Amino acid sequence: MLSVDVTRRLGDFTLDAAFESAGKLTALFGASGSGKTTLVNLIAGLLRPDSGSITVDGRVLADTGGRILLPASKRRIGYVFQDARLFPHLSVAQNLRYGRFFAPRGERYAEFDTVVDLLGIGHVLNRRPEKLSGGEKQRVAIGRALLASPRLILMDEPLASLDEARKGEILPYVERLRDEAGIPIVYVSHSVAEVSRLATNVVVMRDGKVAAAGPTAAILSRLDLLPADEMGEGGAVLEMRVSGHDQVFGVSRLRSAAGEVIVPRMAVTLGTVVRVRLRARDVMIATEKPVGLSAQNVLAGTLAALEPVTDNMFDARIDCGGETIVARITKLSMVRLRLEAGQPVFAVVKTVSVGPDAVAAAR
Amino acid sequence: MLSVDVTRRLGDFTLDAAFESAGKLTALFGASGSGKTTLVNLIAGLLRPDSGSITVDGRVLADTGGRILLPASKRRIGYVFQDARLFPHLSVAQNLRYGRFFAPRGERYAEFDTVVDLLGIGHVLNRRPEKLSGGEKQRVAIGRALLASPRLILMDEPLASLDEARKGEILPYVERLRDEAGIPIVYVSHSVAEVSRLATNVVVMRDGKVAAAGPTAAILSRLDLLPADEMGEGGAVLEMRVSGHDQVFGVSRLRSAAGEVIVPRMAVTLGTVVRVRLRARDVMIATEKPVGLSAQNVLAGTLAALEPVTDNMFDARIDCGGETIVARITKLSMVRLRLEAGQPVFAVVKTVSVGPDAVAAAR
Amino acid sequence: AAERLLVFAAASLKNALDEIATAYETENGQRVVISYAGSSALARQIERGAPADIFISADLDWMTWLSDRGLTDKATETALLGNRLVLVASAGSNVTAKIAPDFDLAAALGDGRLAVANTDAVPAGRYAKAALETLGVWNSVSGRLAQAENVRAALALVSTGEAPLGIVYRTDANADPQVRILDMFPATAHPAIVYPAAILSGSENPGSEALLAFLGGETAGAIFEAHGFETDVPKIEEGG
Amino acid sequence: MDWLGLGPDEWSAVKLSLRIAFWATLASLPFGILVALVLARGRFPGRILLDGLVHLPLIMPPVVTGYLLLLSFGAKGPAGAFFAEYLGVTFSFRWTGAALACALMGFPLMVRAIRLSLEAVDTKLEAAAATLGAGRLWVLATVTLPLALPGILAGMILAFAKAMGEFGATITFVSNIPGETQTLPTAIYTFLQVPGGESAAIRLTVISIAISMAALVGSELLARRIARRRGGA
Amino acid sequence: MDWLGLGPDEWSAVKLSLRIAFWATLASLPFGILVALVLARGRFPGRILLDGLVHLPLIMPPVVTGYLLLLSFGAKGPAGAFFAEYLGVTFSFRWTGAALACALMGFPLMVRAIRLSLEAVDTKLEAAAATLGAGRLWVLATVTLPLALPGILAGMILAFAKAMGEFGATITFVSNIPGETQTLPTAIYTFLQVPGGESAAIRLTVISIAISMAALVGSELLARRIARRRGGA
């Protein structure tokens, strides 16, 4: 449970943010300059709040009323900075081990070798930071924060300068941290894909204020909160149970009240509940059940609402067995298909568009 | 015309890169640590090649054979660094104007006010760099490089820490620079979306070597070159002519030998040739012409080939009037639809999935 | 051997005193250690408790200053040495001058300067000033002085040719081949140049008296004279 | 200036010391920057020799430095003759000589401070300036030196303070001529040489301290302003 | 050591100077770091006063500094009595006093160098260390001071060189007793005070320079190694 209610002035900019997040991974989302780093610095103890309080899992980190201000070194927070901030006088290995001994012996959960392998930095351990590439620096910074075995992790755009392949390796580890070690994470990101995959809760910042905060599914379906270009990335987030694995075709079947969805094979046991993001722009509407189409996921439902997004674009909300699926369609399609609220329709989704970044084990 | 053929050792790492690019925007693509920044530093003149030569539009920047090594200050190259590298002792405005007077008066094409507006940094002009957010710093760095009115622009992941909305504003400007001012650009990126939108040419780096180089369409359809997670982002890039605008529905019609495609309304005149990226993961295959489906783009063609991508995933290459469209499908779909090379099929694409980042004015 | 004897002596005495100390050590078997510095520094150090046994000053003032504070064994105060002032020119120059009342020192200087030790602070400078006043030439050259930190520095100004003329001790001039002595000032033109010596009241070393006696003795006298000092000096006047 | 109880000679010593310290600092600054640059950035075989040379005035007793100055820059010295003939500057028995001595004695301090700051300048910023079209001298003037400003300022204040206190080399080189080469330290020294001169010496010392403190406070305020404007970099 | 033609007194002056310079540098280092830290980071009203105080030995003629030392740390001085009684250290007319004088004279140089380097340390790195759990002292020991190493090294070499050359304060405070307080500079002075002493003075000066140069070269090599290992930061 992360509970923040602080104000802080920085020149002309004022941060005035209040939110609570019970989730294990809270995404901070917002445009450049909206105050994400400022907020993270306040949580880390690198900035002093002008007023307000910050509480993590019942531990008061700061409270101007009670005159409490835990120093950064006592907060046990692993902070991955937006700029890597590696120690230039230490080797990569020394950087990684720096925080190791400040954690009580019993609480050290991060394994040096595991983290090094995960981040693919084994070959640079003896180098000085200045001899690393941009992405390597960022990876070492992530490793350094993890190896301090923190009780809360703050990540300020940690994957921004990493390639997709590397992201694809690091994200599952972050998920495991979140799920297995139970370490709450605050994650700053510009990417809806990252947010929807990882976050249990989302806090949307705008001009120093919290524009919205809540569970990921609720926030991501409120597409107005997302930046224009990312809107198609939003959509429904369903919790579904793994009902079967198909060895031959390498797919898994997921079930929920909405129906059955086939996704690329997941390495989880039967019965596990996973989260599936169905991007609005990946969902089609059919008035007749399609035949001979490669898209294999066809969910029957009722067209619940048609919401204009832009002049020529609509979000169709389809009620499938009580769950809502969103499809982004053009006005043209709407007119041609003569869509009207209340009529029965099919939501059609390609299996491949439910890619690995759209499915995640639910907490 | 950018022509590079250099070697350079850095510790254990050796860059040995040779490629030519006639395009206006050459994307450098590759995993973290593959040597992108090293290559860019060599072009900028910040690193000295061990051997080889670099030529831009006939101007020899470096040639170890001819003992030519133009200093960085004489190369007229605008370099947006991976780390912003703003001058801490100068205000943002002073940073922006720093390079202004080094360009001959007649060659100054960048307008201060335009660039400031574009980058949304008008409100921070009087501030020192340390009082900027991460994204603001990066934007100022872009502005500083542009305002030097360079003859070649090097951008090392310039948009990595920017939100999508801001990216959406900056990218068109970069495109205009490329197209109108004719300034060649070398652009380092991890994002296939960015690359396919912007690049005329792509150079794929791997372990210090050039794994592939060529026109964007050719490279992006060779999906094996892309990182695993980005593979679905690859696909066909078609050059199509704008054949009509529909005021009522806000869409534009594009035509090529492949057929007609409807995309969200574009602000270009009729007859203009644009590039359309049809992501493999956004394309479906239908064995019968779909009816009642919201996906409006249905292109008739012949299934030319089925190429396995992973164990359970295939890329279907569809020949539509001589042009190739790629669809990513599961093995399951392939079997269920009994797809075989040579059979007539339809390629189905949602209009919304051909979003603004997938359509670009061709050069 | 008994504890070493510590002598505080004016720096200009070094050459002679080092020889004498060696002679004394071979004769008496007691080690003598000499700290050379400016008389003012030494006197102040004695006042602040320096563990010295014997003080040999370059002028009377600092000895009197100590004496007034009861820091010397008054009975042992003695005028150990004398010296003379000379007018020197650098060896290479062809300046000539004869010292006499109202002699034209200014003319001999030309547009150069007269090198002297500090005329307010350093004994040699004070004697030089007195002599020039007695001879009636002070006013004509007082604005043309180059005052140095000590006699050696004044001598250096002449030997390097910075100053055409200088007034220094005969002991210093004798030993410097770079300078030539033009003339010696009459002993009467200035207060007697006296190097007083005394055992300090803080001294508990039984050898002090023997050393002081040795300094006044024949062996020492010969060495002093070899270095150009005069050993035949008037007794210190009471309250001088 | 009666309230200070200063005689004309003392008053002129104050003025002279100020002038000497001012010019010693100012005139040695370009050389200080140059040498610091060479030491911080140069990679040539004689570098360590130059480094040693710069430190000499610190290592040698001041009297020796003064004596060597006398030999080389005196009226009869080769360097002195050169300066007199070609540049029209004479040093012997002039305040200029005192300034030279003070500059030389403060030089190692100035160079070291500037050099430390230069070495802390991030060369990546210089590279950035070069890509923007700035040639070497421009980079130096607009990036390197401004970033080294704290060290330049510190070097200047050290040189100034040293010049205010320098005694041994000054008196040996240019003597102690009231109104011409008598600085505060040589005046103080003179007073200390005679019994009872302490109070006058203390008065002058206090004046000297007051002047240097004023300079120090000024430089600190300036440095703080620079730091405030720049922030954490 | 006959090949140098050194007499026992001269030889002991060499050894003593080395010992004094070594201890002056070493013993003043912690104080130098402390004061530099306070001046670089502290924000309290008396800061500028402390800054002035540190500069005093530079501003005042060395003789005055020596005299003040004699008054306060001498056998009869209050500080001297305190140290003798409570810490068992006496300074008057001992090599320890010479070391004290040299340390004091070199202190402004040492502090300034360390301070410059401290001010150049990126506080963001200290913040990073704090988030990793390092308390203030740990941050100081593992981040701040290592990053300020160039300045600490420069400060030490300046203090050492200054100690090798310090004359005025030393001779005024602890006199010039061969084998006990006679350092190279005071020995050189004595030789310069008598006819014919020049060659001996030059010999000692050369020895002094050689020692300091060795220290300098050593420090430069060390600094270069640090710089090489760290790179551009």
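Order of writing sets the chain letters: A, B, C, D and E. Residues in each chain are counted from 1.
We adopt the following convention: a residue touches a chain if its C-beta (ideal position, glycine included) is under 8 Å from a C-beta of that chain, and two chains touch if they have at least 3 such contacts.
Every value quoted in this text rests on a predicted model; they were computed, and no experiment measured them.
Each step here moves to a touching chain, and the least such steps from subunit B to subunit C number 2. With contact taken as defined at the outset, subunit B and subunit E are each touched by A, D. At the subunit D-subunit E interface, residue numbers used by both copies make up over half of all numbers present, so the two copies contact each other through mostly the same positions. Most remote chain with respect to subunit D, judged by CA-atom centres, is A. Averaging Cα atoms per chain gives one point for each, and the point farthest from that of subunit E is the centre of B. Between subunit A and subunit C, the centres computed from C-alpha atoms are 91 Å apart. Inter-chain spacing, taken between the CA centroids of subunit C and subunit E, is 35 Å. Measuring from the averaged C-alpha position of subunit A to that of subunit E gives a distance of 57 Å.
Mean C-alpha position of subunit D lies 20 Å from that of subunit E. Shared interface positions of subunit C, i.e. residues touching 2 or more other chains, are not present. For subunit B, the set of residues that touch two or more other chains comprises 83, 131.
Among the residues of subunit D, those touching two or more other chains are numbered 63, 67, 124, 168, 189, 192, 232-233. A list of each chain pair in contact follows: A-B, A-E, B-D, C-D, C-E, D-E.
Residue ranges of subunit A in contact with subunit B, taken from their complex: 10-12, 30-33, 36-38, 82-83, 123, 127, 131, 133-136, 139, 156-157, 160-168, 190-192, 227-230, 232, 246, 249-251, 262, 264-265, 281-282, 284-288, 290-296, 310-313, 316, 327-337, 348, 350-353, 355-357. Residue ranges of subunit E in contact with subunit C, taken from their complex: 63, 66-67, 70-71, 74-77, 92-93, 171-172, 175-182, 186, 189-197. Within the complex, the subunit B residues that touch subunit D are 44-46, 71-73, 75-79, 81, 83, 85, 87-89, 98-99, 102-103, 128, 130-131, 144-145, 148.
Considering their complex, residues 6, 8, 11-15, 33-37, 41-42, 44-45, 48-51, 150, 152, 171-172, 174-176 of subunit C touch subunit E.
The residues of subunit C lying in touch with subunit D in their complex are 38, 40, 43, 61-62, 64-65, 113, 115, 118, 120-122, 145-149, 153, 156-157, 160-162.
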